[in-house]
Every structure is written in C-alpha cells, then in structure tokens.
Amino acid sequence: MNGREQVKVKNLFWISFLSILILILVWQFIVSSGIVPSTMLDSPLSVIRLFFDKLTNVNPDGATLGAHVLASLQAILLGYLLALLIGIPLGLLMGWYAVIDGLVRPIFELVRPIPPVAWIPLAIFWFGIGMTGKVYIIFIGGLVPAVINAYTGVLMSNPVLIQMAKTYGASKWQIFKTICIPSALPMIFGALQVALAICWTCLVAAELLASDVGLGYLITMGRRLLLPKLVILGMLMLGVTGFIIGYIVDKIERHLVSGLRR
Amino acid sequence: MEEANRDIKEAYKIECINVSKSYNYGEKTEVKVLDKVNIKAKENEFVVVLGPGQSGKTTLFRLIAGFERPTAGEVYVNDKKVASPNPKIGFVFQKYMLFPWKTVIGNIEMGPKLMGISKKKRREIANYYIKLVGLEGFENYYPNQLSGGMKQRVGIARSYANNADILLLDEPFGQLDAQTRMFMEKEIMRMWNQEKKTVCFVTNNVDEAVFLADRIICLEGKLPGRVNKIYNVDIPRPREFTDIPFIKLREEIKNNMELIL
Amino acid sequence: MDKMNSKALKPYLSVLDIFQNKNVLSIISMIIFLLLWDFIVVRGIAGSYLPRPIEVFDRFLYILKNPLAGKTLVGHLLISLKRVFIAFIIAVIFGIPIGVLMGFNQYARAIMKPVFDLFKPMPPIAWISLAILWFGIGETSKVFIIFIGSFVPIVVNSYNGIRLVEPELYDAIRILGADYWQEHLEVTFPGSFPAIFAGMQISLSIGWTCVLAAELVGAREGIGFIIVMGMNVGNVAQIIVGMLVIAAVAFLLSVGLNYLERKVCPWKKQIET
C-alpha cells in the first residue's frame, strides 16, 4: 500500500460516514415532509425521543425499555447456556461411543431440519406464553450447532494419538477424556458464535409470537398499536444488543482459543 | 542515459538494467527490496538466481514478467521495454497458481484458448505438452487432486503450451521433498533439452543451482537484494552431484554465501 | 487441510452413513422413540398436549387428501414454496450485482458496506412487524420478509467471493495473454462462483425459515397456516404434521442443493478416502 492509497483510505472512511449520515437524513426528510405517512414510518428524531421516554415510561406496552431488554437477555442467556451445557456433552459422547451415536443420531437427524421457528406453536401449546416457551425455542435452536460441532471435533481427533493411547492400555473413557475432548475444543469454541446467532434469531421469533415482555414483544405491540416508532426502536435495540452480546462472546472465544495455544 | 548503457552488440532475451524496487508501508516507511540489480540472459540460456529467503527474488521475477513496474531502472525483454504482462513469457509460480476449476488439460490449454485457437487444435497442443512433462493419464484430474511435483509440471506445461520462449520459474521445487526435488531437477533438464527456451530459475538451494545453471547469479542475503556475484558454470551436461568440478563449485559458492549471510 | 475438510463434512452426510453401517441401531432407535412416545401418551403422562404417533400419521393422510381452507397439504406447501422462490429470485437479481460491485469498487464498498453492517445484527424476522405496517398482511409483506432474509447472505457472499479470489491468479491469466473480459470470464467468474453459490444455498434455507415465521404471524394459506390452524383449534397432530413436512422440505432442499453444487463445482469435490 503506497502513500497515495493511504490517503484514499481516509477518504473512504468519510464516504462511509457520509453514506450513513445521508441515509438518516433522507429518512428524516421523507417522514417530516409527509411523503411517507406516519402510520408507516416515524422519523429518526421521534425514535430517539421515544428511546429516552421509554427508559422510564411503561406505556403503551406495559414495561420500560430496560425491562424488555432484561427479559430478552434473561431468555437468551438461559436458552443459550442450556443448549451448550446439554449439546456439547451430547455431541462429544455421540462422537466417541458408537452405541450412543447409533441410538441418538436418527432422532437428532429427524429433529435437525425442523427450523426452530416451527417449534413455536407447539411450545405455546405446551408451555403457554412466557419465559419457559421462549427458553425452549432458543434451546432447540442452539442445540443443533452445539451437538454438531462437538461431534465433529471428536471425529477430527488424531487417530495416531488414539492408537498410541490404546497401545499404552488406556481405557476408552481415559482416551475420551485425555485425547478426544481436548482435540474437540477448537471446534466447540467455533460453535459459540454460530449457536449464539441462531439463538438470537430464535429469541426474536419466539418473542414476536409467544411472549408478553421482551424486545420482540415490543415490536409486536408497535405493530398492533400502529406505532412504527415503537417497532423501529425495538429493532434498533435488538441490533445493538445483538451486536454487544456477539462482541462479548467473540472476546470470550478468543480468550479461550488463545488459552488453548499456550 | 540508461539507454546508452545498453550492450547493443549482443542480443539478449532479458536485460535488467540498474533495477530498483521499493514498497511503501503507510506514509513514511519505505522498504527497498531490490537495489540496482543487473541481470542478462541470452537466448536458450539457463540462468539461475540464487538467494536466501526474503531477498527479493520473487519481486525481481514479477518485474521481468511485467506484473509490476520497477521504481528505478529498466527491464527489457526481447529488446522491448516491459510495460505489461507479456505472453511471450511463461511464469511458473512459487505457489503453483493453477486454475482450481480447470482440469490438468484445461489448465494447459488455457493459453491457446485465450488466443482463440479451435478446440481440436488446442487439445492437440495440450496433449503434446502433457506428454512432454509426463502427465499422461492425469488429464482429467483437478489441481487439488495432484501432488506438488505434478502441479509444477502442469505449470510448466501451461507455459510451454502458450508458446512462451522465455520461462521464469520461481522456486518451483521449493515445496517438494528432497527426492522428488532431485527427480524434478532431472526432469526439467530433460524438458529443456527437448525443447530449448531461455530459462530463469529461482532457487535458494546451491546444489540445484549448480546442477541446472549455465550461469548463477547470487543475490545478497538481506534486503535490499543486490547482485553479489555471478558464476559461469561450464561443467558439461548431464551433470552428476558427485562430479569433482561440481563439488568444487558448490563449495566455492557455499563459502561465498556464508560470507553474504 | 483437505483431509480435515472431508472429515468436517462427514456428519453432514450422516444419513448415508447410518444406512451403511448403523442400520440396526437406527431402526432400534426409531422403534424405541416411537414406542416411548406412544407409551407416554397412552399412559396420559403428557395429558392432551401430545397425540399418539399414529394419530399424527392419520392426520397427515387426512390433510393430504382432504382440502383444508380450500387446499390440500400439497397446495399449501406449493404456496409457501412459491413465496420463497419469488423472494429468492428478487434477492438474486439485486443481491449478486450489488455484492459484485462492492467487491470490485472500493467506493461502492465504502457506501454500502456500513449500511449492511448496520442491519446485520438485526434478525430478518424482526422486520415482520414493519413489513406488515408497510404492506399489510398480504402476499407482499411475506415476500418482503423472505427477501430481507435471503438478500443479505447473497450480497455478503458475492462480495467476499469476488474479494477473495486469489490475486495471483489474475497474474497467471494475464501472463497467458488474457484481455480484460477474458480475465473476468476465466478467473473472476469461476473463482467467485462457489462462494456465490454457497450464499444462495444459505439464503434459500433462511428464506424457508422466514416464510414460516411470516405465515405464523398471519396467513390464510401456506404450510405455516396449517400449523397456526392446528394451534387455534387445539389439534396438536396437525401442528406436528406441519413441522415434519417443513423438516422434510428443508432436508430435501439441502440434499438437492448439495447435489447441484457437486454438479456445477466439480473441482470442489474431495478425494474420498
């Protein structure tokens, strides 16, 4: 990269900045000039105003913004951790013990292609509208990548090492514990982000359909009350929260991976 | 000025005159990779550029091929100043650079295809060079199904099939194991004898250089790359790694290289 | 590296594996699963929340033959598929050129990439409410949601596909005498094709999830409607039939696309060991 290109990079940054700025200005303009009716879209300014208002105001949807965020966070944390706690050991065992694999895999393969969203009606039926149903959907969503990655990780462990351990007389459980699990770790860490992304989508879907609190519910209420700014606020908060959680999980993953190398 | 320095009496296929190349990192730091390099290659000569890792060998070849322009100095190929990639040159890349989506034969016939030669004709050409490099039976393999040695054979055949009269080989055997490497060195000699071309060949291996070269150009061991010494090798071919003159020259170069490093 | 990939791919081909060497275990497993399910229901452990497997099967046959809200199961399925394909085609028509432009032109990239980055952490399903506010509950809003879901992976993969073509391959084709168009025909296109194809694969599977979500929120036909209807009348068997049909379609879609990928990108196939 030569000097001239360096200057260009700075220009490009400003172009990106302008691009976002123009997007926002156009948005503001088409709303405040009345080109788009306010039943369809609210201006960025009114969304910002609503944001500060919703920090303390429980109307019109029944909870403050903080309460919605908290409810969503709680659901995703529970579902995500549950998926990891059950999915990873299950995947590891399936990868190592052929009998478990043979028994569990057919059912797993049957469940896998069902999009988590398709579980929502059943979850509503089973658990009613509320936390349990949400967590269940999120759990189902996160389970699949957790199992698959742990399973693949075990399959990828070095056969030479396993052979060596066998000649030293290690038991199947010992080999599993000392060779397979450590070599599956990179794949397992790889599952963290994938599972999170799926869980996040599931959370939104679950809250849209089967919830009485949470960011997804906020969005639904916005639609029912014909308040686009409520919808947009919910979407933006989803984006920001999703970004932050993703960032944190990424940091954790990096930390864990660098711990592996040492 | 530079024009006057050119040796007009003798016709050279490749001529690098006081070639320098620098790269800029950021706004201030500048790395000089080549400094006033002079290299000449006559028709059908086998020139080996010998230098340790990171001495600017690839950069030099990229300048000759016309992928990049020198910061100072001039590069002439066939008495014409190099301004853009020249199909008269065949380039065999250090990292193979075969088209992964083409089979062996598809890679080799690519040059003729670009020229618009008919399918039948270019199949003929490709088959001829497949035989030359000894890849019969592998015509329909994809590159990711080939070993390193075979990939480089495809690279060489691809250049031959494009009717290049100059061949630039950038550490073609650097990634091969010692045995395959020795075998490939004999193979490249066989191909060159069968169909003579002007060859420039990069290596960091002294044995390889002495085995192959008419002339060895030693680069200095650290950046910027400079020509340190030029050896004319007149050991008769076919050479053996155990010939007395072979061993003598090898020791001489090795001693000299140690000094450079 | 190649080896690792082929191994990593293995579990995804698992159905074949099962048939090869774990036949017996699979059959046992399915029988146990069904018996256990049946046992739980018959004993009344699950209350009215779960029908017997045979009831699910009966319901499946019933809606296969008898129209439900004017259409049989196949009719509803075709409606959903049609929605996905319309949105998918639109996403391809707009997504690939935009992604390619972003890959080639740094100004286009600077303008559009931040917008995409802004929308990326927002799941496409979150757009449902806005879509309904904008387009009502009809066909347009469903196609819009599916479009939003399938658009992003196509753009991102086209962009990355172009950007990640090995730059030295351009040198390789130039030194063989290629002109500008030949360069793109022989390197850019085949070099970025696998990534673009993968993007289309992802986008179809996301589209399939999105159509479901959109239909769950509000529809009068489609496979999601069958599920919603089952929920409204308390017919759990119908819900489960809907889920299984959706799973079967998702499965067939991914198998079909994998097969297609091997046909159109034969160089990607690994040396089987």
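Points worth noting:
Each chain carries a letter (A, B and C) given by its place in the written order, and its residues are counted from 1.
Here is the rule we go by: a residue touches a chain if its C-beta (ideal position, glycine included) is under 8 Å from a C-beta of that chain, and two chains touch if they have at least 3 such contacts.
Note that the structure is a prediction, hence the values are computed from the model and not measured.
Among the chain pairings, A-C comes first (most C-beta pairs in contact). Of all chains, the one whose mean C-alpha position sits at the greatest distance from that of chain C is B.
Once the centre of each chain is set as its mean CA position, chain B and chain C turn out to be 48 Å apart. Chain B has its Cα centroid 51 Å from the Cα centroid of chain A. Between chain A and chain C, the centres computed from C-alpha atoms are 18 Å apart.
Counting partners per residue, chain A has no residue that reaches two or more other chains. Here chain B touches chain C in the complex through residues 62, 65-67, 84-87, 89-91, 93, 95, 97-102, 110-111, 114-115, 142-145, 158, 162, going by the rule given at the top.
By the touch criterion stated above, chain C contacts chain B in their complex at residues 2, 166, 168-169, 171-178, 182, 186-187, 190-191, 193, 265-267, 269-271.
Per the touch definition, chain C reaches chain A in the complex via residues 4, 7-8, 10-11, 14-15, 18, 22, 24-26, 28-30, 32-33, 49, 106-107, 109-115, 118-119, 121-130, 132-134, 208-209, 212-213, 216-217, 227-228, 230-231, 234, 236, 239-240, 242-244, 246-248, 250-251, 254. Interface residues of chain A facing chain C in the complex, by the touch rule stated above, are 8, 12-13, 15-17, 19-20, 23, 39-41, 98-99, 101-107, 109-122, 124-126, 148, 151-152, 155-156, 200-201, 204-205, 208-209, 216, 219-220, 222-223, 226, 228, 231-232, 234-235, 238-240, 242-243, 246.
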